[in-house]
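Each structure below appears as structure tokens.
In the two assemblies presented below, subunit A is common to both, partnered first by subunit B and then by subunit C.
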Partner chain A sequence: MTKPIYIHGSGCVSVQPTFEAGYFFDHVTSYTQNPVPALDPDYKAFIPALQLRRMNKSMRMAIFASRMAMQQAGITTVDAIITGSGLGCLRDSERFVEALRTDEGSLLNPTPFIQSTHNMAAAALALSLGCKGYNMTYVNNANSFESALLDAMIYLTEHPAATILLGGVDELGERTTQFWDLANYLKRDDATIPTPLIEQATPGEIATEGATFFVASQEPGDHTFGKIRAVETRLEVDAPEIFISGFLQRNGIEAETLDAVVLGYNGDSRYDEIYRTLGSSLFANLPQIAFKHVVGEYDTVVAAALFLALGIFQRQHVPQRLLLNHSSIPPILRRILIYTQRRGQNHSVILVEK
Partner chain B sequence: MTPIVPIAVTGMGAISAIGNNVTENFRSLVDSKHGIAPIRQLDTWHRERLLAGEIHMDNAELYDRLQLSREAAYTRSTLLALMATKEAIETAAFKPGDGYRTGLISATTVGGMDATERYYDDYLVSEKNRSFIQTHPCGYAAEQMGKYFGVSDFITTISTACSSAANAIMLGARMIRAGQLDRAIVGGTDCLSRFTINGFNSLMIYTDGHCKPFDENRNGLNLGEAAAYLVLEAPEVARKRMKSPIAYLTGYGNANDAFHQTASSDNGEGAYLAMRRALEVSGLNPRDIDYVNAHGTATPNNDLAEGNALLRIYGSASAIPPFSSTKAFTGHTLAAAGAIEAVFSILALQHQVVFPNLNFSQPIASLGIVPQTALTEQRIDHVLSNSFGFGGNCSTLLFSKDHD
Partner chain C sequence: MSELTQELKAKIITQLNLEDLTVDDLDDHTPLFGDGLGLDSIDALELIVMLDKSYGIKLSDPKEGRKVFETVQTMADFIEANRK
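Right, the complex of A and B next:
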């Protein structure tokens, strides 16, 4: 079986200033729109201007977030790069579809095609780091990051001396967002961040984007934030409670020994009930923390939940804006379970420990 | 590194321009019958102009063969994947839900792009085809496949350009080895789409005729569409089911060329590293390999890089075992290439034959390596299969007849 992996650095680009030093969700940027693009950090801090100009947002966000993580971990090279991206480089994909619909037959500009492929963020990382090691991209809808995480755990079990980059990235596309709206995925009225949850929830998601990357290895180090013990995904479950208790059981853990749970509430009234049911049963006596109401919804957003959980360990503090209930917070926070799903599918659980 | 426990291959299925199942594909390979012709089905400016490896079944026929409701939204990549997976499960002779933890790991680069490009403006004005909106993400096909076959223990999708399927096969083996699964259905699918056809055209990467892998005068590739899947099992699971494996997956390697977004380094660094890692995992020496099923796209860049990588592994042209690229039969099938060529590699092991590299006449002057140009019967115990892609993604699989 796989062994836990230790996280030594993390970087996050999102609709909140998560990339700013010292930021930890104590103040939250508000929006009244849908979709919401990610805030742009000073990419030039890590990416030469000439290269930056050619990069799409997925590549920029992924490189920035991973360089942050590497800086934090105090490393300049990695042995492998494992990423997830539900939709890949959407803007370049759209650009190329639009070009071929009007000018098929003439010679089209190849750049949007080249940069449309889903592996382009991981490839850009390999290129910028000169990393010739294992390189992988998972495109498993809302469980894309979880697949990358599982692979990372297997990879580090196979290569105990390796240090790797692990992350998830997704960007917004203009036409694709229109499509999601037509498919009734998105919130139309009252689209706000922070998104009202539970009783105030309305149908639909707030579409956003972001990148979150981690430096991981099998050994604890000086700057270790915490470790990931296990991850599991299911496309569909009959009852989330049974899936989650089964997961806890397989890992030899009682729900009572968790110090908090991070849940994927996104303010979509059609599906938030799933979390609410768990909140009043399996997790009734635990501090419940939400994150999607401040960072929005995209396929790899669960990586931001992991960023949050590790930050909670490091600071031993739960940001008030993210806490859903009044359950007393244990004096020491050392074990957090993350559970998310999307539109009733792609369920995942991640067990994180200090 | 200690050699790994070999993973049993207990079934396989394939559909490509040279056949709708494994037997038909084998027959075409043996008869040197390629499937490259002017595009006839896909609605594109390039129809009747560009040569490609198109599968001779339209979506309506695929729906019928799979007994799918015409009301349900399935894109062509998914339909092809269902065809190939059905054959793989039938030959492996198991029923999902038989108590063994079974995963599905699929690969694609096209995903539902063929529907998106078709209905790009239509979606906005008409409700008629909106059920296809959900098919766009690459991960959707595998989820539909999981539901169709009742495979639910683990589902994921990989997209690493033209090495995608090789990576899906590799992950299946690694998950079984790590004790996460007992069995994995692994492979890849990509249909032709205007997106990829125009994309490769924009790169000016097509030959004006039939592709000539490893030829001095090679001038580009033919595109193709295909789906192929293998069933991998822990050897003890196959043993318990009294199912004798058709081959073993004994090695795999993944590396990144880290050289350029699309081009390969001239010395084939990524290709070299992928092959070397696959050999290391298997515990085999380069000289143990009896046949190399090369990536061999017939672009000037790929074949030079891959040829150089082979020379680096073997030291000299004369030491390289018989090798061939089968791309001139099927076209380059992108995310499916690693899987269709895994099927061909296993066929080579089963029938003890090396498949010909079509359209070759003159060796690349700077390399001096000569692929196998005629069907050749010989002893084959171990086959190496290469798949390389954009973004520097390079992967190599190693299949063996027996594991000892």
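Right, the complex of A and C next:
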């Protein structure tokens, strides 16, 4: 049985200026394109220029977000690094495969080869921090961050004195995005952020990228602003309502005791019906919050939902832009449930408490 | 020769992602490794691949590489002498 884990710091790089001090989704940057690359913070604030030049975007975003989280938590070292990434360092993977194809297996540049693996971001973090402890990357499609989170909870249950970095990172790749387009995964002419939801939703998603990292431990501290109580994933479910109700029951919670629910609406009319059904049944009387319509879709984007939920606890404020219904917001927000899926698969629920 | 050194500088900057440098910043005689530009062993591999891809020169002896990659000028001299 795992125990809850406490979060002491968080950092997020996304298509919104989530890395700027004081930013919290009250103003949203608009886009009319697909895919949308993440905004670049001043990476040199945390990464020496000589190291930065060889890092791909995943590594840059991961190091920046994790250093933000560590700065917020007031720490300089961690005991373990646990990450999730659905597609890893995609650009270097594409460069490596492309070179393999064009040069028929000879003359391969070493850097894209070395950095084409999924665990490169976690490895770069370990190198930059001098962390020789447990280092694990989970690659599990749109449940990659949740798998990392589950491992973080198990790790901290077994190592109660440890402080760890937990995060999710994914980057866009040009070729991969072309394949997604051919597979009709993406919106084309009507691609906008903020993405219209519910009645205005159209087929397809907006492909983006980002990194979100957290400092976590088994005990609360001076900087704590929330705890993750439980997480569950399912590749496929017959009825999301039964899956979520079962999760709440296993954690001894009634849906009515939740203060809000964060749902993974991304404006893809083919799958958002799943959230609409829940929004009019199990969550009908709760404030419903969306986030993918402003940060887009990628495999580990649920980490940004956790960043949002913890920010709501910290500020006791729900940005109007993210609120989906008119249910009254409780005066004190203490318990939020996050539910997401991607293309009808990889369902997950995360229970977060103040 | 000057044309080749300019071309080499541009290739080195692109291939090694030396984002803060321009061709004009890079002197012909600045050491590429150690106290000069501060390149490392992975950069050396990148330069070996670059020599092969761009100039058709295979560098099989690592000891030879130490001399060849000393500066932009030594690289250019080596390319001039061995270009196919």
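We adopt the following convention: the second predicted complex is superposed on the first by the 353 of 354 C-alpha atoms of A that agree within 3 Å, B and C clash if a C-alpha of one lies under 4 Å from a C-alpha of the other, contacts with A are read in each partner's own complex, and residues count from 1 in each chain.
Note that a contact is a pair of C-beta atoms (placed from the backbone, for glycine too) under 8 Å apart; a residue touches a chain by one contact, two chains touch by 3 or more.
Not measured: the values here are computed from a predicted model.
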Three-chain arrangement built on subunit A, subunit B and subunit C clash or fit
fit
State whether A:234 touches subunit B only (first), subunit C only (second), both chains, or neither.
first
Residues of subunit A touched by subunit B versus by subunit C: which partner has the larger set?
B
Contacts for A:341 in the overlay, against subunit B (first) and subunit C (second): which applies, first, second, both or neither?
neither
Once both complexes are placed on the shared chain, angle at subunit A toward subunit B and subunit C, C-alpha, multiple of 10 degrees
70
According to the stated criteria, A:50 is in contact with first (subunit B), second (subunit C), both, or neither; which is it?
second
If you stack the two complexes on chain A, which partner ends up touching A:114: first (subunit B), second (subunit C), both, or neither?
both
Which partner chains sit in contact with A:288 here, subunit B, subunit C, both or neither? Use first/second/both/neither.
neither
Who does A:131 touch here: subunit B (first), subunit C (second), both, or neither?
first
Return first, second, both or neither, reflecting whether A:178 touches subunit B, subunit C, both chains, or no partner chain.
first
Quick one: classify A:163 as touching subunit B (first), subunit C (second), both or neither.
neither
After fitting on chain A, the minimum C-alpha spacing between subunit B and subunit C in angstrom comes out at 8
Subunit B and subunit C footprints on subunit A, overlapping residues:
107-110, 114
In the complex, go through subunit A and note every residue touching subunit B.
1-2, 81, 86-88, 93, 96-101, 104-105, 107-110, 113-120, 122-124, 126-127, 129-141, 143-144, 147, 150-151, 154, 157-158, 175-176, 178-180, 182-183, 233-236, 299, 345
Given the complex with subunit A, which residues does subunit C contribute to the contact?
15-20, 38, 42, 45-46, 49, 52-53
Quick one: which bits of subunit A touch subunit C in the complex? Just the residue numbers, please.
49-50, 52-54, 103, 107-111, 114
Subunit A partner contacts - residues on subunit B that touch it in the complex:
44-46, 108-109, 111, 113, 116-117, 120-121, 123-124, 130, 133-134, 136-140, 142-143, 146-147, 152, 154-161, 167, 171, 174-175, 178-180, 194-195, 198-199, 201-204, 254-262, 269-270, 273, 389-393
